[in-house]
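Written below as structure tokens is the structure these notes are about.
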Amino acid sequence: MGLHRGRGFAAINYPIGMNLGGDPSQALVHSNPDGKFTVALSSIDLGQGMKSVTRQIAAETLGVPVADVYVDTADSDTGPHCMGSFASRGTHRVGNAVIQAAQEARAVMLEAAAEELEVDAADLVTDGRGNIHVNGAPSRSITTMAACQAAQFKQGRTVSGRGIFLIPLSEVDPETGEMTPVSCFAHAALLVEVEVDDETGEVAVRDMQSAYELGRALNPKLVEQQLVGGAWMGMSHALWETTEPYYPDRSHGPVDFNHYLMPGPGDVAPHHISVLERPAPDGPFGGKGPGEMCANPVLPAVANAVYDAVGVRIDELPITPEKILRGIRANGGAKPRRRLAAGAA
Amino acid sequence: MIEFRKEFFADERDDNLNEIGKPTRRQDILGHVTGRSPFFDDHLFDGLLHIRCVRSPHHHARIRRIDTAEAQAMPGVVRVLTGRDVPRNLNTLLSLLDFGIDDEPLLADSKVAYKGEPVAAIIAETEAQARAAVTKVRVDWEVRPHVLDVEEAIRPGAPVVCEVYKTNKFIYHGKYDHQKMRYGDVEAAFARADHIVEGRYQMSPIEQAPIETCGAIAAPETNDRYVCYTSTQALFFSLGTAAKVLTTPSNRFHFIGGTVGGGFGGKVDSVHEPIAILGAMLTGRPCKFAWDREEEMQVGAPRGAERWYIKDGVARDGRILARKFTGYFDSGAYTRLSSYAIIKSVGHLPGPYTIPNVHADVYCVYTNRTPATAMRGFGITGVDFAIEAHMDKVAEAVAMNPIDLRILNAYRDGDMKAHRREAKNCALIECCQVVADKAGIALQAASRAASSLRDGGGERGRLPAHTALDQHGVVTGIDTGGYARKTGAQGRPARHIEMPGYTMPTAASAGRAPAQSPARPGAASTAASPSTATEPPRPAPADGGNRRQGAMRFSAISGLRRR
Amino acid sequence: MAKTPVVFVLNGSERAAFAAPGQNLLELLRRGVGDLSPKYGCGQGTCGACTVAIDGETHLACLTLAESVAGRRVDTAAGLASGGQLHPLQDAFMQTFAAQCGYCTPGMLISAKALLDRNPTPTREDVVEAISGNICRCTGYEPIIEAILVAARGRERA
Amino acid sequence: MIQSVETHPTLAEAQRAMGSDAIFMAGGTLVMRDVNAGVPARRIVRSTDPVLAHIRLSGDGVAIGAGVTMAMVAAHRDLTFLAPVARAIGGPQIRNMATVGGNLFAPHPYGDLAVALLALGARVALAGQSGAARPLADVVRDRGRVGLVASVQVPRPQAPADFGFLKASRIKPKGVSVLSVAAHLPRQGGRIRGARVVFGAMGPTPLQAIAVERVLDGQNLDAATIARAAQVAVDGLDPPTDALATAWYRREVAGVHLKRLLERMARS
């Protein structure tokens, strides 16, 4: 009787944004006279980093340092409409709306600079550090601050912009299910290693190897936050948590975190993540959205790893020690498969 | 430990950018580490009242009478709300998208369909007083039989859970009691398959369990408006819902949020804002309504359970020739967002694989439990569990390395997908190869050589010659709105709606004219950047229908600003 | 109902508020004196979002009777920074992206500070034990554990 | 609903102040949770009697005040044998608050210190009663009518290896008990004399495993004895089903965990 290691694999893709589209988001960008920009949204930051990623998108598009941009969101009196933060749509939809608004504001800023420098706006570029100069002649330059002050107090131009991104609502064919779900998909593959105690049915996750393709990683640390947190939630969904332990019977439903089981800080396993970036043609700078999909591959990979470890196939979540123990007893003991061991062809 | 494999798809990226791609510090992190990030409850109001609900102890029961007299007289109780106080006590969340029939009361007044459903709300000076008064509300229940299993719920004679959908199934397109996918002919393919692999997969409900429970604080604001601090994940969605349920023009609501203590999908249902605002309207004082942890766990809408049956027809070499799904989403007592999730899951089938024959019937089923809502991976997480566990069984049936099997069947650029759109921007193969390499798993030569950019299209890019259709599950006499309804308005190019300040017109109640022009299949729906100019949208017909009064659809009107 | 005045030292300065009978310390801190850094997560003593220090020991404010802190020292996340300087733990949490939604962060910081005050060179296992009373739903704990170890190493050098 | 809070300088006064409309609050980890959720009781009674926090050597044991917290138990030099038990309870915050007295009244699945104290044959001194302390087993059996606890007298195991405790839980490092088991196996010449084995979370209250004790008494702690003990592990127990595990599962693994505890004690 003892501990058995097993490895399980899963590969998935994930639709980015509300299914069928029809989920618009708007953005407003405006600058104060010193060329410091505010992005006004109504999108919600529930921890995924909405304020941070839209801030970088605006700064990149405007051609100014990120320190010159702040995001103000979720006041229905000052922010334009947004469908909401769900369906991994934030980066993709709101990011595109911010690009459009920032492009308009940038155009006005460059026109103001052109008037000051007495050149054609089309010849101007930004250096991303707060300066606008004639392409190829860095000495003929003006700061973004000076351009915006001139726009405000001399030229009477408003350095601001509006943006909206809407993928028109796709129809669904009642007979065939034909539809346009979304315009781009993220991808992932994940291999998890578990250790199963064949006397108690307890499972420990020992290691995770993953590869996620999420379009361009607009901020690598925000991406890492989602992939690490998502893998933990995937483990929890596969092996621990449920609001109805004996579904479809409703009895014994947990009412506190002592009975609503989630892996603790002592249950986390090393997770070796590789990020691949195939830019989405219609994503902001090619960005997609890692927020939801990162937990999904863990569930089946854990189920497949338990089967690999002790030969018990459990197709009901969560995979509790009891279900594993009953399976081991029914098989007359642990029957390891070991199909994915290193080097296994 | 994380690595960014820049060598993959490098030619499709210009990596020389200024701020994008940098690990810039989060804009909100200073507030987080100093405890100053303003969550909805981090606003102080003088004279704040507290709201607690009276909840059903039964799975299914008719309400004969609610006696609130004794509770009314309890110390500190300012007001007791019941269904009568709610201006429009019937709603379904997706009515804002013109999808689904209003089926759920804010405060139940005729019957309860799940344990924990609210039938009254006590508004008191302190939370302790509200809790004490809740125990003094007397409800005369007539307990009814209940049903908790999705397949039992759709058998003839099962108790009717939601009075709007008598067969305990949501109706799609005003025609079928499920969402279909038909692509090719699975039965013919099963006949010529070398292996048939079947499986049954069951998810149980799980709670989003954000550390911040759902809640809202509402208070009267100047010129008869109401400010509402909310934990919502969708500011205007909640605002629109509150405007509808309280039959109040949307510009009289001033919603503030944006800093949420974890959402994970559980903060879209917009239950708290209407009750908090109604309290503020009827008492003239600030009102807080938030769930405690027990309510968040057992009354807050979870990720709904799903049951999936999968049948694969597989050739000896591992190619999957046919895949058939039957799916049951456990929507619980009301629709909320489950109807949408089913369409999203059908659009996801058969998974990231090119399979020439796919068949699916997916049901949105009502049972006497807490209604389900969105959670991280909504509509996809459950079926991905089923698909990838099933793929492991297929690999064993054909004695193939599980990763080789995925790469063999993986979709590639140019392939035709089962929802009849061309696969683009694929990367499943590369992800599989990277993991196999890191885990030291030796793949077949063909798998190592495979690429998402090669061997796709051609024969794999064509629609099936023949698709077996059927009229299974036809239902008449029920219309669940025009959302994504196929109107046959072909020919108009897919395009963006460009005009700033665009207000989504409210859909006319009759005639179901679509609010949007549908995207034509295969059209290049979006250019690299979204700024292609287009002509302005048709002005919407006036909303003469009785379906919705006063409710706003997607517009922002300026008003008094409060920080 | 007779309210009781409660006078105590909050983050180093004397404060007072009236406690209703049976009111817990979390409500007194948030609604009574307006320190909004400790958060409500469960009211059952299971999530740690309301963790504060009382006379230097971590306590759950939601399970602490408000009156019981009369005359004692209460410290919350709002008091970590001093003289405009962030505490090394606050810096470390910022550098290692150890927060997403930020709702559990104040409680985590108080638990982490209690650990470092007692054991300036903790092992990973010590850190895991120290935050075992604080639940985080977003980060998967790894960045939080790393941030606390980074802060400990920082203090070693300082 | 709570209308008043009464704080008494001595435990005796607090005992006199108790009544059907009052609840006694020590650490608060159980009682304050109920108050937050709303309780019918009208009065909270507390005591700040300093004696409650005393830990004193007395005879062959230690007298632990009912107000001593788990953190104090885990840190005290005379209670090293109880430290692993105290450290297995709650997280750091709970351990700074939860008291020894409170643990004796903890409902399923809590109360792991009571499991250990029962295995060690502890006795309980009640408030206002100068008479001899009563066996903990009696107090645990009729919890409702016992009144306030002043202190617990715990015999110290002669050798560290004589006492062992194991807690099976689903979450690491801190989780509530699927089950817990404590064993006090004094040895004379290698043979067990006066075995006491107690299971936690395997019944409405901590339960003595009489059948296991009978198998162990007079034997060496060898593989054969351990195997026989594991076979009768669940005799007389009545494990519940809850969100953590079913009665079936608890029965199936009780013997496994007992075997692992006894093997560990045999090795040390």
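Should a chain be cited, it is by its letter among A, B, C and D, assigned in written order, with residues numbered from 1 in that chain.
The working rule: a contact is a pair of C-beta atoms (placed from the backbone, for glycine too) under 8 Å apart; a residue touches a chain by one contact, two chains touch by 3 or more.
Just so you know, these numbers come straight off a predicted model, no measurement behind them.
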item	value
Between A-D and B-C, the pair with more C-beta contacts	B-C
Chain of greatest Cα-centre distance to chain A	D
Centre distance in Å when chain B and chain C are each reduced to the mean of their C-alpha atoms	35
Rounded Å distance between chain B and chain D, as computed from the means of their C-alpha atoms	47
Inter-chain centre distance, chain A versus chain B - centres from mean C-alpha coordinates, in Å	17
Residues within chain B bordering two or more other chains	25-26, 28, 128, 209-210, 259-262, 264, 292-294
Per-residue multi-chain contacts in chain C, two or more chains	1, 22, 42-44, 46-47, 97, 99-102, 128, 132, 135, 137-138
For chain D, residues contacting two or more additional chains	1-2, 37, 173-174
Contact graph of the chains (line, ring, star, complete, other)	complete
Interface residues, chain C side, partner chain A - complex	42, 44, 46-47, 97, 99-102, 127-128, 131-132, 135, 137-145
For the chain D and chain B complex, residues of the former touching the latter	1-2, 37-38
Footprint of chain C on chain B - complex, ascending	25-26, 28-37, 39, 41-42, 44, 48, 75, 126, 128, 209-213, 259-262, 264, 292-294
Residues of chain D that touch chain A when the two form their complex	109, 168, 170-176, 241-246, 248-249, 252-253, 256-257
Parts of chain A lying in touch with chain D, wherever the complex brings them together	199-202, 240, 245, 252-254, 258-267, 320-322, 325
